[in-house]
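Comments concern the structure below.
We call the chains A, B, C, D, E and F, going by the order they appear; numbering starts again at 1 in every chain.
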Amino acid sequence: MAIKTEPFVINVGPQHPSTHGVFRMRLTLDGEVIVDVEPVLGYLHRGIEKLAEGRTYTQNIPFTDRLDYLASMSNNLAYVLAVEKLAGIPVPERAEYLRVIIAELQRIASHLVGVGAFLNDCGAFMTPLLYMFREREKILDLFEMVCGQRLTYNYMRIGGVSHDIPAEFLPALDRFVTTMPGFIDEYDQLLAENEILLARAKGVGILPEELAINISASGPVLRGSGVRWDIRKADPYSVYDRLEFDIPTGSVGDCYDRYWVRIQEMRQSVRIIRQAVEQLPPGEVRTEVPHLLHPPVGEAYGHIEAPKGELGFYLVSDNSIAPYRFHVRAPTLINLTALRDMMIGWKVADAVAIFGSIDICLAEVDR
Amino acid sequence: MIGLDIAFWILAVVGIVAALAVVLLRDIFRAAISMILCFLTVAGIYVTLSADFLAAVQVLIYVGAISVLVILAIMLTREVQRGSPSNKLRIPAFIVVVLFLGAVSFALLNTPWQVSAELPVEPTTAALATRLFGENGYILPVEIAAVLLLAAILGAIVLVREK
Amino acid sequence: MTLAFSGEEIASQVEEHLPGSIVDSSQDSLVVNSESWLAVATFLKDTPGLDFDYLTSITAVDYYDYFEMVYHLTSLKHNHSLVVKTRCYEREKPSLPSVVSLWRGADLQEREIYDLMGISFDGHPNLKRIFLWQGFQGHPLRKDYL
Amino acid sequence: MAIFNYYPQTLSPDWPGGYWLHWGVFVVIILVFVMAMIMGFIWFERRGLGRFQVRLGPNRAGPFGLLQPVADAIKVLIKEDIIPAKGDKLVHWLAPVVAFVPALMIFAVVPFHDGALLADLNIGILYVVAVSSVGVVGIFMAGWGSNNKYSLIGAMRAVAQMVSYEIPLALSIIGVVLIAGSLSMNSIVEAQSIPFILLQPLGFIIYFLAACAEINRTPFDLLEAESEIVAGFHIEYSGMKFAMFYLVEYCEVLAISAIITTLFLGGWRGPLLPPFLWFLIKVFGVFFLIFWVRSTIPRLRIDQVMAFAWKCLLPLALINLVITGIEVIALPPALLWTVMFLNLAIVVLLALLWSKFFRLGGGRVEV
Amino acid sequence: MSVGLEHYLLLSAILFSIGLYGALVKRSAIVILMSIEIMLVAVSIAMVAFSRYIVPLLLTGQVFVIFIMVVAAAEAAVGLAIIIAIYRSRETIDATKIDLMKW
Amino acid sequence: MKFEHYGIGIAKGMALTFKHLFRKPITTQYPEERLTVSRRTRGNELVWDKERCTGCATCAKSCPEGCIEIITSRGEENNYIVDKFEVDMGRCIFCGLCVEACPFEALFMGYAYERARYRRQELVMDKEALLLSGERQPSGYARPKIEAGLPRQTLLLDRDKVKK
């Protein structure tokens, strides 16, 4: 017999320290236990899909930077893959390898933020976040070296990448790749066995395997639930079929599994980068494409395994210079579907941890 | 002794006002806060009576535990919006209370108390312990009190437990 | 490599099971009659050998004459994919069956399409605007908006 | 140090009277000392946290950023004082005062030096426990008077947590009192020929954890958990009143550090250096431990915190009490070192046992 | 006149009367409980005062106050538990409405 | 909380943070210490070479935001004279597409990164403000010749020497 109280509704967000942007959850509470969750989106909606219909294919690349600003390179890559598929443009091999290297660096950077923010949400006072930002900083340094910007890269081009890498890039990357596993070990040492983190994350916010598939979850959220599904393996793009790596999967689908999957994916990314650097061929990095591209009438769906899940671009061309329809399959928006199932019955503190473990980026959710 | 007198008068007045506030305030939360104030002044009264151990225990139990429990109950029952109304018995009760107070005052003012001239024991802690646990002490009541507390805890848990 | 089924391949299978449901089929997609779309979707999801258990993406495209819904289906079990389309010729109050009952992943995406394209989905449990506020006039992703 | 020795060692039966002048002077000294120490603590914690997190910490205001607390204080004091429109104004106004006074009152019985204390109450440590239990009322008033859901949740958590942790806190003190044979703080220090942390390791651990919970330090800082309920009970406070709460927080840390120093670390006793300095060093050492913990570990959930108090600390405290009682009665004082090793062995044994029997987290919370 | 036993007893009587009034008059069960606590405290004052002024060396009154506190704590715990239990089943703690047992 | 590691997990974490106490902080004290930015940096201004510009307006066409405004008039030798060349840096997203698109290498990204202003109007750069000059250094973005002459970028990798 529960106390009959009027529903105690609290707004978590849009301005809340742990909503990763301007997300808003209306939590209905019974005491501290969550009875109902309603996500409220749209505070960052900029209408990128509409904006893109008025710009040329090349001009849209900087817009994709602004989707998931923690993984801009991946967004670039997914978009140019879709355009290349639409227009049938070949990509030089060196460019493919560079794309893979950059995308994997980006995956590490994004996971660093995701894991750091998740640990911060669990209440670790900034320390893991700052340690992880330190390594992310190094990756951003590398990106800055390659393309001149630290957040909105605009590096990929239709038919390649915008620049070849500078000479000092590979030595720096090598230094990074050799030190990174040590730092990942440090993260493990810091919190992976921590009793409090285990108590907070293990068994919390379980997303069962079947439900994860049914709600179209993707990325670490799906793999944390034990589904061995990674587009890099399932539908290899670029040169992922020539590289060896494993897909880490969780077993239960709780917050800890998602955290663990991200940490393991960082290790795998380091492995991929090592191989890609070894195999990196010389040559051109960009196929010449006309300044104003007119792809044939048709449609294409290009998707990649972005750090946060399957990022897809669905483009429809009417043979003009601008896409007729530009749709983004945003992984984190769809991962949010599971929010309610994961949260109900848990406490406010868990709501924050569960939300953090999905690792969303509001710029991508709202677009 | 003038310091003690001043302390007594201040504490007595504040205590009575706080107690009146508990009874008269409409806002239950404020009433509970006043109750805490009342308990604190009573602790002060104990100090003026050379009962320092009791004063500390008074603060610990009444302020730290009972008042907090009361406030928690106020929260849980959400009675605050309704305020703290009185029932129909206000005037009869008032008369009864005044009569009672008059009778008691009359009795205690007209009783020749045999006030002892000795100074009180201080510190009281050791003396109290000897009284409680020493020979000819109150060891049996202490044990019974423990059982009572246990029963109260069990009773409270059983009452509040959700099925 | 994900095997992308051609529309024709699946069309024959579907036609066999649900005659009259296929409007058109091409190399890369399959266009389904909007009335029988839910039945086709159920068939695609539950038929052994097809097992499209994963709804990758839903999109609506406004072609002025009609709205085209594009469903990207994937089977995680067999690692193959299919693009299914269905069309809605109504413009004032377009409406299609919701697939939330089959793939809950459609939940937020259908709400998004409802919000930005104005297509309402029958059977959606919580169909209301998602990005724009209640009471917003018009549907911005339609070609005739602005 | 003459001022500290001015006060007679024994109290007259009529102790509140007769020493007003001395009291006035000493109160001023304590106030100044506490304020100076709080500033030092704030600076120390921020710099220390900075170094833990591979950053510098405040270093702009004054040499080594020493004036940062002053700058903070000025900034906070000139802020607008906001009172929530629908809050209970009186309660809202009174809350910081009610929280602040008990925190300050604790220092009346802290021996900074042999006999250097405001009042050597014979109920010293009981007084500390009693007075510090009043502080929760202030926190609750703040949570209630703000008319904010977050602050109300924070206040509810505060009440539940503090009432629970008071019990193991008091029980762990009793062990010390049994050995010292006095409740007076100064006598406890004098009784410590070796620091009681060696004789009472379990008591120290319990007291440290329970005290951390009492003063809302990580991992028990649930009532102001930033990532969950933003700032908890003081979410609606600004300006001077917020500064009061800030002071309360550090005042309580200072008080707890001082009490741990007094009870377990031998207080002002120590070789070579003057006693007052020893006291300060130990206080800073304890504080360093507290914020070291803060920098490392995440926060517990409310039900885990409660379960930790009732299922782990309370039984351990009882066991500790029984063992200490037996030791005090049965073992002669000459066997001090034997007792020490015996106690350490018991701690290890209990830690192993509890890790087998006691588990929380992992499962779904019962609604 | 210096403060003596009568003053304390009078204070005790006044507090007790206030508590009694509250217990008789109030409708909210929690406020009634609070009034009862005040009555208990008032009695405690009398006990300590007697102990202080009549048998200063025996402390019997203080021992009694300790037992009163035990009872008060137990009473508060059980009383509040009952109030919450009643609130759960009847959604009110108005003492005038909790009259199921009244004839 | 199950003490499956007997608190060792916590102890390990504490040991790690303690180790960091002795590491060098990675903070850069900005106004006093400055890092060298990348040679390809897309600093927050554009640099315009008046001599090379033919006024073809390719840059304006390639801009996704449309923040470049060019007005030209017909010159005597059948060339374009640039009457107005104005960039609203408040709207610019620093994607660098204009620099890449320029067929005559007349437009560069700037190397500077301190162009914060208090008012939006002050961010609009006209012809004079955009001009290539001594203190307005162009960056090497899409201009390999300039890139080679610029100083090496400071990397955190070099600053943070902790090895594992």
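Please note the rule applied: a contact is a pair of C-beta atoms (placed from the backbone, for glycine too) under 8 Å apart; a residue touches a chain by one contact, two chains touch by 3 or more.
Source: prediction; values computed, not measured.
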| query | If you walk touching chains, what's the least steps from chain C to chain D? | reply | 2
| Highest-count interface - the chain pair sharing the most C-beta contacts | B-E
| request: Can you check how far apart chain D and chain F are, centre to centre, with Cα atoms defining each centre and the answer in Å? | output: 50
| Just how far, in Å, is the C-alpha centre of chain E from the one of chain C? | 71
| said: Between chain A and chain E, what distance separates the C-alpha centroids? Give it in angstrom. | reply: 63
| note | Whole-angstrom distance, CA centroid of chain B to CA centroid of chain E, is 6
| query | chain E: which residues touch two or more other chains? | reply | 84, 87
| query | Residue numbers in chain D touching 2 or more other chains? | reply | 52-55, 156, 295-297, 300, 304, 360-362
| request: List, in ascending order, every residue of chain C touching at least 2 other chains. | output: none
| Touching chain D in the complex: which residues of chain F? | 1-4, 6-7, 10, 13-14, 16-18, 20-21, 23-27, 29
| query | For chain F, which residues count as touching chain A in their complex? | reply | 1-5, 7-10, 12-13, 15-17, 20, 26, 37-42, 62-64, 93-97, 100-101, 109, 139, 141-142, 147, 152-153, 155-157, 160, 163-164
| field | Complex interface listing, chain E residues touching chain B | value | 2-11, 13-22, 24-28, 30-31, 33-35, 37-38, 41, 44-45, 48-49, 51-60, 62-63, 65-67, 69-78, 80-85, 87, 93-96
| chain A to chain D touching residues, read off their complex | 2, 8, 10, 16-18, 30, 32-33, 119-127, 130-131, 134, 190-191, 194, 196-200, 202-204, 345-352
| Residues of chain C defined as touching chain A within the complex | 1-2, 28, 53-57, 59, 61-62, 70, 72, 76, 79, 81, 83, 103-109, 112, 116, 129-133, 140-141, 145
